[in-house]
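Both complexes shown next keep chain A, but they swap its partner, so chain B is in the first and chain C is in the second.
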Partner chain A sequence: MAEYELDCLGEACPVPLIKAEKELDKMNVGDVLIVAIDHSCAMKNVPEWARKQGHNVELDEVDDGEWEVVIEKMK
Partner chain B sequence: MSENQAAGSSIQRSSRSRTRPKKKKKNLLPQAAILVVLVAVVGILLARTSALLAVFWITGMAFGFILQRSRFCFTASLRDPSLTGSTTLTRAVLIAFALTSLGFWAIKYGAHLNGLPIPGQSYVVPISLATAVGAFMFGIGMVIAGGCASGTLMRVGEGFIMQVLSLLFFIIGSLWGAHDYGWWKLNFMLDGKAIFMPDIFGWIGAIIVQLLIIGCLFVAAAKWEEKKNS
Partner chain C sequence: MNIRKNAFYKAWFKDAWPYVTGAILLSIFQIVTLATTGNPWGVSGVLAYWGAWIFELFGGSVDKWYYFASDGAQNTLNNGILQHGGSIRNIGIIIGALFSSLAACQFKIKKIKAIRQVVAAILGGLLMGYGARIGFGCNIGALYSGIASLSVSGWVYAVFLFLGAYVGSKLLVKFFM
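Now for the complex of A and B:
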């Protein structure tokens, strides 16, 4: 099980999602991706999108206005 | 339960990401209290000049708060259907449109029934190809900038620095647009025809047609999400 990190701090809304999508494509099932974001909109749409894709998702507020979306690739 | 498993979570994370220093949340209650007092003071000062200004101040605050808390985003409502297939926000916007339609209709119809001048008629402007072209350009711009007008303002308030840049160019663009507005209006906008729906369908018909269109879009949005996620 590998763990990947994606630094999307300072990236506005659709960018973190598109980057996460591309990164997830490269990963194997069971790998974990941690996406660091600070755009409040991405905090909503990245987890929502990943859950709909059927992945395990966890959202962690690391600091005020800074989040880590932890995605475990399921398929 | 293994050590690196967070409570209530099913995802295994390496110890590295768990040990990353997690800053303690600051208690912002005093600042919040000061802000509430400031908002009230400014509101009272504005009310002394004009009651309407105070109403704008309060509704502006309320809009911003709701926008921020609900993560309501007009950009996402139009972008996400094609990007992720999610139409949650699209449907939320459609519901908002339906509600405001009812409100506008009630205000205008009420004025009409009482023989008063109908408010807001200056906003009934011609629609033409220019409307569609402008909307398309606005759409491209807002997706790149990461927010439409309200979304950009809200995120600047949240402290997202990149969008301060969006705001700056949004202001420049608005000023430029306002400066040349007369020319655009004369050469492009007046080509179209202004349509006020109650003139065509009658007062009751207008609201029914409007709500039917919104209803159809709502169903289409729901079906789109189903199709995209199946």
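Now for the complex of A and C:
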């Protein structure tokens, strides 16, 4: 149950999504990935994509214009 | 009462509006624009005028430039920015975007992560601006308003837009991943 962090602050879409995709590929089932983002479109497309893949997703607004997408790899 | 928990605040200002709502509003406003001004909605053509006005501020002159040669263009330039509906609309877009991000508490000045972001932004901006002018419009004036006016050129634009986006996304993955 490892925890990984991905700093995507300052990265425009769709870079956070592609980076999260690649990072999740390397992880084991049950591991958790925390993606830090500050582009509002990533707050939409990263959780949308992860949910579609069947993972557990939580979105935290950590500051003004800053979010953390917490993804638990399910398969 | 905590405004952040208010249902109306959340629906109107905090959460992003659904795409369909945006599409309907854009459609209504572009019809209003066409009906009241006689010209279809455009965005990037206005920026060419802004460039000309800035150039004139520094003592330049665009009187002899082919792009601004028409009487209409000369009139627009002489009347100034406050008499130019397109400019007012673009300023409204900028102020509106600022207001909506402030109202949602999502305004943030983002840090620049790498110099390549700056290079890409400047190169991309130049290419888009140049392309929009020699293409007689951007994705609003040529694509959106073109298709809305039942013009074939809008659909031709769409095909090449997708080709460009395909190449662009390949470049993005190559340089930013």
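Keep this in mind: the second predicted complex is superposed on the first by the 75 of 75 C-alpha atoms of A that agree within 3 Å, B and C clash if a C-alpha of one lies under 4 Å from a C-alpha of the other, contacts with A are read in each partner's own complex, and residues count from 1 in each chain.
Basically, a residue touches a chain if its C-beta (ideal position, glycine included) is under 8 Å from a C-beta of that chain, and two chains touch if they have at least 3 such contacts.
As the structure is a computational prediction, the values presented were derived from the model and not from experiment.
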| item | value |
| --- | --- |
| Which of chain B and chain C A:Ala36 touches, first, second, both or neither | neither |
| First (chain B), second (chain C), both or neither touched by A:Leu9 | second |
| Of chain B and chain C, the chain that contacts the larger number of chain A residues | B |
| Which superposed partner A:Glu58 touches (first chain B, second chain C, both, neither) | first |
| Touching partner for A:Val70 - first (chain B), second (chain C), both, neither | first |
| Touched partner set for A:Lys44, first chain B, second chain C, both or neither | both |
| Touching partner for A:Leu24 - first (chain B), second (chain C), both, neither | neither |
| Common ground on chain A, meaning residues reached by chain C in one complex and by chain B in the other | 10-12, 14-15, 18, 38-40, 44, 63-65 |
| Partner chain A, residues of chain C touching it in the complex | 16, 101, 105-108, 110-113, 117, 169, 172-173, 176-177 |
| Complex interface listing, chain B residues touching chain A | 6, 9-14, 16-17, 20, 22-23, 25-26, 68, 71, 73, 75-76, 79-80, 83-86, 88, 143, 145-147, 151, 155, 158-163, 229 |
| Residues on chain A engaged by chain B in the complex (per definition of touch) | 1, 3, 10-15, 17-18, 32, 34, 38-41, 43-45, 48-49, 52, 56, 58, 62-65, 68, 70, 72 |
| Touching residues (chain side chain A, partner chain C) in the complex | 9-12, 14-15, 18-19, 22, 38-40, 44, 63-66 |
